[in-house]
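Across the two complexes that follow, chain A remains constant while its partner is chain B and subsequently chain C.
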Partner chain A sequence: MNKRERIFSVKQINFHYLVLLLLILIVTVVMAVRSPYFLTGSNLQVLIDTFIMEAIMALGMTMVIISGGIDLTIAGILPFSSIVLALLLMNKVPFAAAVLLVLLAAAVIGTITNTLRRSLHLHPMVVTMAIAAVLKGVDLTITGGSAISGLPDSFVRLGSVRILGMPVSWIVYIILAIIFLYFSKNNRWFLQVFFVGGNEDAARLSGIKVEALYRNVYIISASLAAVAGILTAITYSSASYSYGTNADLRVITTVAIGGTSLTHGGSGSVAGTLLGTLFMAIIYNAFVMSGISTYYQDVVTGAFLILAVLLSEGIKVLKERKS
Partner chain B sequence: MSYLKIDHITKSFGNNKVLTDISIDFEKGEIHSLIGENGAGKSTLMKIIGGIYQADSGQILMEGKPVRMHDPIEAYGCGIGIVHQELSIAGNMTAAQNVFVNHEPVKWLGFIDWKKLYADAAAEFDKIGANIDPRAIAGTLSVGMQQMIEISKVLSKDVNVLILDEPTSALSDNEIENLFRILLELKKMGKLIIFISHKLNEITRISDKVSVLRDGTCTGTLDREHMEVQTIIRMMVGRNIDSLYPPKAKCRSNKKALSAEHISRTGKFSDLSFDICYGEIVGMFGLVGAGRTECAFSVFGADKIDEGQIYLEGKPVSFKNPAQAIKEGVCYLSEDRKAIGLFVDMTVKENTVAACLKSVCRHGQFLDENKAKEKTEGYIRELDIHPDHCLDYKVRNLSGGNQQKVLFAKWLAADPRILIVDEPTRGVDVGAKAMIHHILRKLADAGMAVWMISSELPEILGVSDKVIVMHEGRCKGILENEDLTEEDVMKTAFREEAEHE
Partner chain C sequence: MKRKIALGLTLAVLASGLAGCGNAAPQASGTGGAAKSEELYSMVVFTKGAEYFNWCYAGMKDAAASIGDHITVELQGPAEWDASLEARTVEQVTAKNPTGILVASADETTLNAAIGKALDAGIPVIGFDSDAAESGRLSYVGTDNYDFGATAAKSMAEMLGGEGEVAICMVPGAIAQEERAEGFKNWLEENAPDIKVVSELNDEGDVAKSETVCTALLQSNPNIKGIFSTHGYGAPGAAAAARTLNMLENVVIIGSDYSSAVIELLQSGDIEGTVVDDPYLIGYEAFMLAYAAAHPTEVPSANPPFGHVPPVIYGGSQLLTGEMLEDEAVLAKYQNPPAVN
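Right, the complex of A and B next:
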């Protein structure tokens, strides 16, 4: 008996991982052959930078989707957070306090999402879509449609800080990814998310506090979107309503590509999401390198979403036929 | 020459041989029952007759001629129709639409002839004596009514062979009576009825013949005059089950574990008072709708209590959610294992630790893989869950009896002092049933307080030490189970309110 075997057995999605790794390998080889710049350090840096915000939000989205829900608010929270942060900083609020306030705001939004979902018995898709729309409207109203720049120097300098040669956003992502990877397999609360997604009623009768769990899942997702917003503001030294446009689509696609089921909760993994993130980042980069217009990116993202669902459902059907 | 003959049928799924060389003759105008433990192959055999699966070898003969059916539509062509265990009613459509789904009477250009649809449906319901309004929305009707709709749906296609897969498992006693009346009616009309059930008393009551399946083979067909319960059981399990029910309590303490005093929940139950002591099994009997499950839900914290008080070892308690109840050692094993009991797409191990996560986590937070595995393996052994290496099997892939055992494992792992079991043997075969009853007794003898809710009188009488009789949300009496008869219990359930006072 293998000691590395975990309770939410990785075995069942292994095939999915293999397919993904193979695809990543193929794209990498093809690109490396086509362009000598693909495997250079500067391109890898671009590759990571273009997808790092989605990567962060995909961690929270994985837990939301495993719990059986979906969160479209992230595309609204990301720019909202950057704008709120910028306004706070320009009003002489200390950086640490501003960050805390932004995170608090995100937690409140997550709580509102869950409260509406529960008290109105609405599908999370409807609730989160509405909240995202409201936030985008608020963003536009506050900024009047233009970017906020001219932020305090101390903040602007954060954008060029390098720790171990990496920008702040990378460090934040690495820490978050490690925590999510470890916790999702071992932590009691994370395990409960799987149970609730698998069968909400059975989970409640098994003594899991289902409502608190849902609330926390949405708070985590919203908070990670806020973190992404803050990091975006740091990276560009500005805030804009246009940050994170269509990020929801890209993040959900990433999670789905990673093998987390959109059709029923309770199955999926953070490890899969990490692979999905790598795959999507490489694909987007391959576009840029190939000179394909970024306008086509959404077309392809949509196509991948369908591919991902087909892949994971297809494997399931094949398995059921076998057994 | 028999009307329908299945001849040396064999069927495997992968390496798993499900049916081996089965031959059975069926005649017109008979009710022919099929019985066997879970996983014996009854449903597979019926699906082959109904054209859903194809046999690997062997053939099906109708009036001596071999027929081949590749899908249910071809089976209908041969006059064979199945009413499945899981009903396939479209809940938001009318009863009539459900009966004629996919072959609605149409007018010019394919517009549905609504008048004729409702008239035809009324005629179909009339045929089987079902009192259903064709315009009623199917989802608002009782399960019994929905089943009548399903039967009408099959009969409307002019079938001569009607297969019913465990039709009575979700029906109330009245509905079962009505179903049997219809079956006898259809038998008189010369139809062949193949009836699959777990309930021996039903089978011996209405069938003309019974064929017994065991591990994918047919161990024989009995005529009416040879249909004895002991014989059937022997053919099913391959051995005698001497004592269907466990012995009574060895030592019942007088220490009250759980007491309810005048508890009520509006519209569900009212003014219930009872005590459950350590070391005893208290049976709670009542028909469907008596308020038993609702009462258990309220005690367990899954629902509120409007009035009254619950005491745990004499201390007043009120659980706001199941988590609090479980913490105090009160566990509730639900009646509907698939819907609210198990996580069917998760593994046996995950299910086993679901209600006791804290105890298999280091510092209560981080999972200890080995502990979870040990715990699960212990229960697989103790409860004899098959197959014995099912640790990482999805629960969905286990048979009904074994799923029920996993549900037991889940709750035993939570280490209860008071165990509420709701219909603990529903849809479970004879062998597993006897085993579950013995487990309950063992738990009680080890000092646990067991509260068993059941609508099966033989089970209540065979297992409990004390019987709480419920009817329409009220407690009609608490009887000591000494020489208690089914009649005593039924009389208590239906006795007049005035007499009770």
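Right, the complex of A and C next:
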């Protein structure tokens, strides 16, 4: 990344932030006027709860997409993790050990994803879609289609634990978001992800261990999906194969609306994803709040996705033309 | 300069989008009776857009209209079959403080906490179609699957003249289907002992698999005179098997639920009947119970402070036949399900 490009990408991202912030502001004002319940404490809490699992997974997805890949396995890993956790707990495995085992399983899945991608020379879309399908099938086979409940009381109580007035899922997200935000600017490995995504050959020539980097990116994404699965099980005191259906699409949309480029790796930001997450959470809530048919929700998110892509790609084209 | 243009364009797009949203507001509740305050009732389903739930919502809308135009209703819920997403929808709906909530639960347990929160907030919750029995919901309106199976058995007995060997196509383990099979077998045992259920097949709820297992069944046992499927895909599969083996004339096929494929097979006579429940009535009743729970009377209630409602109401089930579809009004009902925006 030469100096000029870097400056441009910074400007581009800032402009993107500006537009997103404006959109968030406008939707918030419109909703506050339309519904007396929108700005109530209980709704703001629900607004965050509604999108918290996607928010967590979006952090990992941001890294995957910046590296030039995509990860659809998360829609399979989320329910898989909730089910495995539930079964372990019901078989008297201590909570900490069960969580570690689930995270380990996710890391193995992430490794398998990358190994298949590399050895079969397949597009990550194909590999991750296949793995998600396999996991969904496994979930369905294990559970026979019904939800797992009757989890140990100590686990069920976790769902109502509040730390500083916040549920466990919020605390986990805040910690993860701070780590990602900080490291994406300062950590050498995170910066290498940008480099590899932007120009794999150059990165390889400069001595970066590209394959190890890809593997770690997929392991991070898979592990965050497992975290979301564990938190979903905690939140609902149940586990089911139905959890996480289409979560992959919601997460990818969030990342793209945040300005991370789906068309070419190496460009994007964690901060943009945080804004994209806030935007999506508000949109999802606004639709239910205003009573507008949720059928329009996909139309609107789709339209904003196009707008976001136009913004990030269009500006890039303008810049290139100028230089 | 270009950046300013882009920003301007963005804002213009947004402004028009929001203007559009304004127009697309939900059915405005009318001014209504002078003293009546506005009431909102939310129906929350999984797989929003499914024809079955559209029927439920149509019933709810008509029931609401019969009370008055101060009642607004809405249909909410994810298009995906995702119990956790549906639980979030219930929480979001609760945050806007509706007068009542009607919920068809994607599974038996995931929505428990969300439903509990709504009840704690003083909002009556009525379950319908798919129950979350331990959620604390005040009442449940649905189909008695045992009775559903008995309806199929009664029709089968009439069509077979009270004797013969029959089989059941089902997905073992699925609770609703197990109940239908149980109801079918028990009714025959008690009322038509000369009809023997000789085979219970697992067709995995899939039309192709159903065709495979029914072909094997009919080939290995040509004495089979009837097949009952406990779900919507079994009867089309059984009909395909009988057609291939040229046995359509010898076998009475009774299915469950309906789809456009089933309607066509009923009209052609390949399937003799299908048992249907009444989602319109289920939605209608569920709304009425939510209204009753939100408007307590002096009758003591089992769930104070909510109004008195029964713990359960079963809608009936009936046999739909090709003959019944010759009535254009009946056919129109099944061919033109209500659209929901």
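Heads up, the rule we're going with is that the second predicted complex is superposed on the first by the 295 of 323 C-alpha atoms of A that agree within 3 Å, B and C clash if a C-alpha of one lies under 4 Å from a C-alpha of the other, contacts with A are read in each partner's own complex, and residues count from 1 in each chain.
Criterion: a contact is a pair of C-beta atoms (placed from the backbone, for glycine too) under 8 Å apart; a residue touches a chain by one contact, two chains touch by 3 or more.
Quick caveat, the model's predicted, so the values are computed rather than measured.
Novice: With both structures placed on chain A, which of the two partners, chain B or chain C, ends up touching more residues of chain A?
Specialist: Answer, by number of touched residues of chain A: C.
Novice: Output check: A:40 vs chain B and chain C. Expected answer is one of first, second, both, neither. What do you get?
Specialist: second
Novice: Quick one: classify A:314 as touching chain B (first), chain C (second), both or neither.
Specialist: second
Novice: Regarding the shared-chain residue A:203, is it in contact with chain B (first), chain C (second), both, or neither?
Specialist: Touch status of A:203: first partner only.
Novice: Going by the contact rule set out at the top, does A:232 touch chain B (first), chain C (second), both, or neither?
Specialist: second
Novice: Once chain A of both complexes is superposed, is A:19 in touch with chain B (first), chain C (second), both, or neither?
Specialist: A:19 sits against chain C, while chain B stays out of touch.
Novice: Under the stated touch criterion, which partner chain does A:194 make contact with: chain B (first), chain C (second), both, or neither?
Specialist: The answer is first: A:194 touches chain B but not chain C.
Novice: Looking at A:295, would you say it contacts chain B, chain C, both, or neither? Reply first, second, both or neither.
Specialist: After superposition on chain A, A:295 lies in contact with chain C alone.
Novice: For chain A, give the residues common to its interface with chain B and its interface with chain C.
Specialist: none
Novice: Over in the complex, which chain B residues touch chain A? Could you list them?
Specialist: For chain B paired with chain A, touching residues are 13-14, 300, 302, 321-323, 325-327, 332, 334, 339-347, 349-350, 353-355, 357-358, 361, 364-367, 369, 372-373, 392, 397, 410, 414.
Novice: Show which residues of chain A lie in contact with chain C when the two form their complex.
Specialist: Against chain C, the touching part of chain A is residues 15, 18-19, 22-23, 26-27, 30, 35, 37, 40, 42-43, 46-47, 49-50, 53, 144-147, 149, 159, 232, 235-238, 240, 242-246, 284-285, 288-296, 298, 300, 303, 307, 311, 314-315, 318.
Novice: Inside the complex, what are the residues of chain C that reach chain A?
Specialist: 2-3, 6-7, 10-11, 13-14, 17-18, 21, 24-26, 40, 46, 48-49, 72, 74-85, 87-89, 91-97, 106-113, 173-175, 340-341
Novice: Please name which positions on chain A make contact with chain B in the complex.
Specialist: It is residues 1, 3, 5-9, 11, 185-189, 191-192, 194-195, 198-199, 201-209, 264, 266-267, 322-323 of chain A that touch chain B.
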